[in-house]
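Across the two complexes that follow, chain A remains constant while its partner is chain B and subsequently chain C.
Coming up: the complex of A and B.
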């Protein structure tokens, strides 16, 4: 089977060449263009190394490079419009002039979708930060796409609502980017994907037209649902400038528990048991393998568990519950948690008793810790959320965000480690760690390979190996990070030719000149 | 040789969950419209400095083993404050005392609390050798209970401890205190009052087996009248206000404009 995949394997190189031949060529931004932009925007909204602006190159580096410093663009110009009208005028001009545009949000992406490949114009939405409306009855919030996710959460908090998504990058990422990349994150298990919670969008199309679908309707069954196309399009079909999103009622009581498991095989039975016991108050079920945990702790993410609780654990599971009314829920939650703890510990006790009689019932968990205060609640989450950052501090990370059957999480990590070992790359000066963590609830594994440096040898050992591995599980090569520039060549591992062909036709329909985020998603 | 009874330590750790339940520092506080108090309809948990106190007592036992005979946590508050005691028990305390007050009664003040603690200490058959408590509660920030208790009992006190070393044989303790100029080390005789500072330790998580065990540990319930004390407040809160809201900044287009603005604000001379 893998032999057959080798045909696909050569796709990347060939397609890069093809890109050069078949992609339209774009015009670089010139001083004349800057003059036009100066008519559209105030001076403070234009950064450009070109005259007469002459911004130092260093000031553009945060826009040209991604936060992991893995993808590097060479754009001369960053525009930071404040209104949809300004965006529209910029895009119209660029379309006429054949200038390629990269829309950029908080630049927290993991697949290089938000930074230029060459010298495309960067259109940063960071200045569009107005909350346009909020209805405290329906919980529908309409906001500019540049609003930072955490700012929206803070805005909603006094109204007792929360954003339906949450992710580690919440302090920097923007809602427009979240929607464009169809970000998943930590609340997906509870609140579903953005395809459900986004009610409307305002999009500047590649010719400058403003597509106003900024409705605040829960139900709107009137033919093709066009806004869905922009969710996850990664800015290749247009620039999202406004978002209407359904916020969720804030759970009045949340709690979490970090469980230490003796072996990976227990994750699934535990997930079943936890779902059964906690049912509707279960809001997250996150998996962290031992190495990922140790990296997080090493780099000061969260407060480490007590040594005796970590001992003998092969992996950890972070379970979060949240629910409705505080007093009532607190009791329900505590009762259910206790019940769960009882069951888990009873198994343990039973085990001690039965072990000598028959080696049957093994405990699902070694032990666990239950947060006692909001501070500890955050500290436990910080361990899970901090892994991404810890991995970046440890070295250069190859990140694979894959959907595969949960039962295969550990096998996938082990196989990848074995692959690197067999290539002689598992050593301190090459690959330091192979770690796995992710959202068990959604079947989403983050497979991270931490290397001393990005090298062609490591990349060759990993790709297409990882993609083939995913295909062998009939999984997805990108569960929530998107395709960006990193995975365009790997799209065929998950999407069949018919689907890709339709995607290309949709792209051509919206963006005949191909100026919107070229080279991303589709080759 | 087994230590004699005289060398065994009995430790008392008063904890607070205030308002009566301490408002957690991760939660934003809103002042009530009547300006007499704050919105208590938020999450509560153990006062963080008290958490540090419990942790220190448990660490002392881990270090001194059997020489620590008992660790008792105590709280004063309505029925719900018992949750805080369970937390303390799950962290490693042996037993707890809950001085229960009616749900409707105002929060006790430091002097009332100190008097209640004195009465409790005098009731302990085996006596108390060491009282470890938070240097202050983060809700009212009074920072008085420990000192008042030391005064009432006429015991030595070591406040703002960032390190505590107890020698049960000599019945004394060395305490490193955080003071303005740096650190100060003091030696005190037991029995002793210690108040904890932030850097003394980092409290542990409560593990599931310990939470289970904590449910079986005894909590003795008492009322203020059992102790012969009156917790009626002697102070009257006149007004509580929020700090002034931070004004948003503005952008200036040029240095000249910036200087003009600074002059206007009277920050630079004309």
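Coming up: the complex of A and C.
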């Protein structure tokens, strides 16, 4: 639900089509409610166009609209509590009064999960920014849900810990929103999902009850792990007010290498080999197809390889290692890459190894470039991270953030291209490119269809084709962005009727009046 | 719920006190039911003392009694389905008929969760042993829930993968039982809990519906993560029939070192330093107090250190590293330990390093012994793993498997000892030792009180004292063994009323008739 680095600068308008509010009617916030909120909160924590607050509408704009300016709510009132008790009292009141609530974190989501559909009350967690505790021995940090992800990272840095997740939106997104959306991001391959690293939560339930499961235990086998339900529930089951999370020891060095592969089929054997060899120091394995690489270069994202190297390559892989000391990483990696690489250059240190790198009988790669400085490290990442921007400069992009088995990545891209070709749409004035890139290590493919313009023909060719394709792999229509309001209609492509039925019952159990973020996740 | 290596050979009899069956009455299995089961299953899959099967009672003994011979059921019937469809049909029938079911895996639990309380039907998963798929690229394996953990490990080994969990009971325990009990074990520090590594489940719900969430995706953000509820539910919400789990790349080498610490207070700084320095190659950090070490040596578990080294030590720490190549591990570890160690010997290779090891200004350890061979590696582990056996040879042990903040380990042991002293019970004919050992890395303390005999006085001094102590740290009364039937009465010491209330509602939602493993987890 949150923007990974540079992901989806602009989304196709067609996605807005499912905006109809299918929930029961809720009561609007009235002046009577404002009077009650004034008993709960200081004046500075209330924004409302209603009397006696009478905030100018424009001041609510950043809360009513998402950062892409794609989803637009009409809420009259934003409350910004500072404590769990205040949240609890607000929610209790709203539950009694039948007022719908949208919990809002950093408002950096991509699927409209954090903004109102109509005039729901916005409960912003931005004022809840206390770090409640940190244990430098275990690495467990407990924080208010409104803490900015980057602020937590900065807090941990002097203690030699890092947050187990990292996102492009880290400067704005909040840890409570991260947990509510089960944010994936750039460290998932290495540190796993939040279902593993979140140890405890404090949640205000839809009736105002505070559920305190804010333990700081790595192991606790005492019954159902209820907190897991709130991880990825996008605020529909309650409002997360506190998070206990296991930070990871900071790696002492990171390195990366960009590899050019002669053919797509080599990605999987290479991934397997890299994973086997690098084991625990492998922290990213991102792939980029030829066209995506060229678009990144064309639109000014720099280049890692010379023309000759690129010429013979069908796709590229960016491998990152983290951990241990720099010398060690390089030494180990280079030793291990000697069967994989023909050329690995740019450093005098590595010259001695180049001969051995030529020894492979059936090289999986044509060439590779190893970063030798933090600047080069960033430069290699810029190519991968710049693809989204490059794609958006190239045309109108239909973007699919899907999880499918790694072995089916190429097939999914090929089938989509074939589908468009069979419809006569693969031509310069319709679909210009079908590109694939993404987190191979996570099974997360970013499938982008770059068109001259958004057209009903292309959309009809792509949907439900892509969703059906995803379903045929038992894949996920949303690997990391969530459902929000954007994909509720597409949920059945990933979740079977039994699963959706159970989700609905869980929703009804926690939120019988349906006041909590209505119209999100479930239609 | 499962036995970690050598854990709890014998449990105090007092734990049996809460055996009253507090659930509503269920219907016994009748000959009419047997006739129905014969339509669902082949004759070889049915054991029953009822006609026309008429199995001798003795043949049901291994299913009716747990491996410790502590919990005893009186079931007439054991069904051993081979497929999910068979499980589904059995459960549907039992739900209609009001017959209670105990799902049973390898029956290696420690808290009586897998055996009947009365005459519940036993549904054994032992015949469901197919490995459904394995993807060597992603490392994701999908298997029937009855697969033995060790069999899965052996299947993965040639592919250079390992299961993300390991237990002493691995030769008997089943993956479905592991997941149902959220088994911890020996790899948790390194690979995290099953909430992170289990990617999908297939579950037969209490009404017979098959919930298929058996995806093989690392990332799937499409609504509530329902499968998490079954991880650790101990079979009370449904029967796990299939598991999709992320295997870990096999480390290429493991090493360990036994360190002697002059004082207990050094454990935490040492842990922090080791964690910081070894980072991702640290795979275990186990601590053993002086008395526990001596008991292990006394009862024939070998010794790592000479008398002089032991003399000045208040406690010991066993550090294990895994990953990378052996040379690398040792080199890195030794470089990094030079500030920690005064003596680190036994190998010519290391002689050159010994001088630098003496350099520390304020050494955290007195001495250390590094394993130099697989035999020595096992020998060091034997000391740690042998404590339980040694303790049981020394006397009657009151054993507590608790999670508390690492910083409070020493305090918990001290307070317990002080409690016993204040009651006049710390004497040779009452409580002989209060020892602490366990997984520092996981926050899991094994607190053992070794007595001459089980007595009401000692028990009254310990309970609810220890549970209250755990609660005061916001700890867990069961770090890894689960609740089963043994600790249902103690659940409120770890879970607050709101959490227990939600657990009860979740139970009622999935299992309104309460037929699924009644009397377990919730009273």
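Everything that follows uses one rule, which is that the second predicted complex is superposed on the first by the 351 of 523 C-alpha atoms of A that agree within 3 Å, B and C clash if a C-alpha of one lies under 4 Å from a C-alpha of the other, contacts with A are read in each partner's own complex, and residues count from 1 in each chain.
Here, a contact is a pair of C-beta atoms (placed from the backbone, for glycine too) under 8 Å apart; a residue touches a chain by one contact, two chains touch by 3 or more.
Only a predicted model underlies this, so the values are computations on that prediction, with no experimental measurement involved.
K.L.:
Spot which of chain B and chain C makes contact with more residues of chain A, would you?
P.N.:
More residues of chain A are touched by C.
K.L.:
Scan A:257 for contacts with chain B and chain C and give back first, second, both or neither.
P.N.:
first
K.L.:
Could you look at A:318 and tell me whether it touches chain B, chain C, both or neither (first, second, both, neither)?
P.N.:
neither
K.L.:
Just checking: does A:303 make contact with chain B only, chain C only, both, or neither of them? Give me first, second, both or neither.
P.N.:
The answer is first: A:303 touches chain B but not chain C.
K.L.:
Have a look at where A:44 lands relative to chain B and chain C in the superposition and call it first, second, both or neither.
P.N.:
first
K.L.:
For A:369, is the partner it touches chain B (first), chain C (second), both, or none of the two (neither)?
P.N.:
After superposing on A, A:369 lies in contact with chain B but is clear of chain C.
K.L.:
On the A-aligned overlay, A:378 touches which partner chain: chain B = first, chain C = second, or both, or neither?
P.N.:
A:378 contacts chain B only, not chain C.
K.L.:
Which chain A residues lie in the overlap of the chain B contact set and the chain C contact set?
P.N.:
none
K.L.:
Can you list the chain A residues touching chain B in their complex?
P.N.:
43-44, 157, 253, 257-259, 303, 305-306, 308-309, 326, 338, 341-342, 344-345, 348, 365, 367-378, 380
K.L.:
Contact residues on chain C for chain A in the complex?
P.N.:
1, 135-139, 160, 181-182, 184, 188, 192-193, 195-197, 209-226, 228-229, 231-233, 237, 249-252, 268, 271-272, 275-276, 279-281, 323-325, 328, 332, 403-407, 439, 442-444, 474-483, 487, 491, 494-496, 498-500, 502-503, 505-507, 509, 521-522
K.L.:
In the complex, go through chain B and note every residue touching chain A.
P.N.:
24-28, 41, 43, 45-46, 48, 51, 87, 90, 202, 204-209, 211-212, 215, 251, 253
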